[in-house]
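Next, two complexes with chain A in common: one pairs it with chain B, the other with chain C.
And now, the complex of A and B:
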């Protein structure tokens, strides 16, 4: 058929990963992201030089990712909230080993086993490290099925470029909804050569290690500092956001993913009532778009952060605003999606 | 569309995301014109969101009975089968629409009812959207049909053509997509029962554009920002 396809978010991530050269997937099914695992099984099992394993657990899956990533191949795993919690130890090891991989979290209601409805309550876990140790993931937050495609492809490039795991932070709604998508030709990006560190079987050359361990604290501190340098670079070079209607806004909403999309409808509704609402939608959650928020806070004195959580990203908004403007918060939890009307009603409280 | 309501039991099967639920919902409302008692059964055991049960209130208002997991279980993704279904299959007063889950895995549940369905006045329709992954070519559509028949142990009796890109559908998309469905119909030796078109095209794309009956459908599953 033609160029465009109608895809579920979860399937779209799978197809995007394969087109980005990912031939290795290890995972364990969980609602509401199982279609991604199923898609990878259907496709990869028929491909040459590819592997799909439904692991015995999420812990096993992330360690298979660790192994595959050590050889320099493009590899992915995915899960939803409780499953991502189980993967944290492995993610921390992979980050310390400074090797690339992509992890997808299609969030659901928590804490604990929670429910199977969409949520954004894993923000802290995603952007503040998640496992033990001083580290960050590169965190991308799509808000449409097309963006799931584009950002999944970008995630592989960014992970390779910074030899650091990248995470797609979506939610159950983005995973389950269907939209038309296009797989466009992408410009070639220069990426670092992996041949200096990847494990290929030493065959006469000096042997290599991919480890996340050093008993000498002096060496381990340097190691940490090196990793931290990458985060500084990420903050300088890789910040992405979408700004809508910021000129003369009476109030600016900060929201990502599904909620940002709802907020766009709120903005249209407000316009009809003569209220000017703006939107800053972080596309990278780490690195966080601090500068645009800080510069907006000089002009607009009122912010409203909206999340499908009880207040997580709002802390980063407050840090970026740094006391220069009023930062309010509205959130729904447990898998409830706020309506555009509800957000407008909340915004009006501050106008 | 007269030929369309002839069978008392309609089973909609097809690939994952082929449009079965929206079609089954619209179809059950349409059947109310010819039948006093119409029931729709949500047999989706694989999808966690966008299921028939979400349109329950709208359907009840139109006089259509909805059989789906209730209460707390509304939000579960468990293989829950109501004991009421077997009764409805055998109740000759009811026109019954079965909305089955996607792919062969979603169809597993039908095996449970095989012995009851076989003896009834039924037809099983394969919904195909040629813009979905895994039903984009003749060989893929054939494979999908075979897998569904093998798992359900029932025979497909016709095809429902549903070429669309959801909100990005255009006239050209419908017409081009339908060509492949016509080829599939010939290859599989199955008649096209009807073609589904979003009601927003009802003026632009008249029924005379197609040899097959045209069924204009209204969207029931919407997104939170719509």
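And now, the complex of A and C:
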């Protein structure tokens, strides 16, 4: 058994990152994730062989991550929606360079400066690439403080395994919430050796370089195809989801993160009224759990996707369902959190 | 027989792709000679920019990374914070450093990042075909200042060396030129000082190098050197603006 502690979501991410061996953090303050930046400052500034830099901007922060990660160490940056937008060019470069790192987005209401309330309106940006070019991030969607911890640690492993940035896609509510968490003993995982690509100085070998371009389109196409192979592998091997009450469900809710938590209460409320509602909660948003949604669509003819956005993940649900069932949508925008009652009322419309 | 002239070990065998009369090649060579002289080639990580020197990773025989346009000082910060005992340098053009990357250079200097910046000021955007740079001279005609740079709407050319010298943690800042042998010798000395500052862990160092871009200036290599001497040096005075003694 690991230790149990009561922790705020944002700080739990920081502690998890440090326990996962991350000693380098570069960030810029933004609500609702500033506690994470502060936590990393408090811890890393006192550690040996570690660095915390409050960068001049999110742009600088992600480019610091690029440099640090190119040496082969574990590195993290975090922000919230507007700051994540600023990081996109850098994330695209890092992905093309095939370098691992972890980026945390504790989403807030948008677009624009938006507000500082929890939201899920950066789904498209997170799972479809976000910056320019053909690429994806590995996107993990925690729905409790415990999962913030576990998935942050997993994010470092997955990033290393696939030499691709991984993103924790949370929201302001998860970041601010206090819950008991356990830092579990983790089984040792075999991860690829970085000594074939990391920059160390060229002592005893040829010089090497990390770049994200090739002006020869034939080479660049091959490069893209190689990166794409990793996404195929991710889709085969790393899909994660939670399925609740799918047997004999009259309707299945698809929701992630904070909304999935709320939907669990909805399911309990429905049960009391004799209504059978199921839940598919994607834990990996990329790779997306298409198969379970597709196989469920054969049995349950009704889906309700609920998001704190005006309809983003629902597009992926529809792709997975592929016309085999009815896909409905309910969403709140601008930082409004839907209540369990609200979701139940919406579900009843389709029953 | 003693070899008196050869390629520095810190340069690869890959031939430069720069235009005839372009000073990028001379600047590369000077940096490589300094790395050789300090015997730090195997412990160096260089950061090249987006600009004509985007291919510098092929030319320097050291570990290299190509940063996003303007972000080399941030990328170098990341590397140096992980590897404080490595020699880390950036090599950046004037569009890169003085326009899109202004924030990164100012803050790297202000934090006193222990890196060396080689700043190629050629008063133009070379790679993209000759647009106005923040360092383009008043009246200079470029693709995007077709009637000459008008300071009323385009401002005056930015003097980066002077500007950064106001920062307390900038340990060594100089401006040199490569238009004639005497200046090249001085430039080499200055680059050496800058790397010495880094070796001594005294903080941020930058050498601004006034360079030619004959292609986009529309001049022959000889005319370009003359133009640099007659137009750039009077506005961008050569010399040391900050030395470690002032920092101590």
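Observations
The definition used in the following text is that the second predicted complex is superposed on the first by the 348 of 351 C-alpha atoms of A that agree within 3 Å, B and C clash if a C-alpha of one lies under 4 Å from a C-alpha of the other, contacts with A are read in each partner's own complex, and residues count from 1 in each chain.
The rule we apply is simple: a contact is a pair of C-beta atoms (placed from the backbone, for glycine too) under 8 Å apart; a residue touches a chain by one contact, two chains touch by 3 or more.
What you see is a predicted model, and the numbers here were worked out from it, not measured in a lab.
By the touch criterion defined above, A:83 lies against neither chain B nor chain C after alignment on the C-alpha atoms of chain A. In the superposed model, A:213 lies in contact with chain C only, and not with chain B. After overlaying the two complexes on the shared chain, residue contacts for A:51 are found with chain C alone; chain B is out of touch.
Residue contacts after overlaying the shared chain place A:68 against chain C, while chain B stays out of touching range. Touch criterion met: A:262 reaches chain B, while chain C stays clear of it. Of all residues in chain A, only 1-2, 4-8, 11, 15, 31-32, 35, 39, 42, 115-117, 172-173, 176-180, 258, 261-262, 264-265, 337-340 touch chain B in the complex they form. Residues of chain C touching chain A in their complex: 12, 41-45, 47, 54, 57-58, 60-68, 71, 74-83, 86, 103-104, 106-107, 111. Across the interface of their complex, chain A is touched by residues 16-17, 47-50, 75-77, 129-134, 136-137, 164-168, 173, 176-177, 180, 223-226 of chain B. Those residues of chain A whose C-beta lies close enough to touch chain C in the complex are 24, 26, 51, 53, 55-57, 59-61, 63-71, 73, 75, 89-90, 93, 199-204, 207-213.
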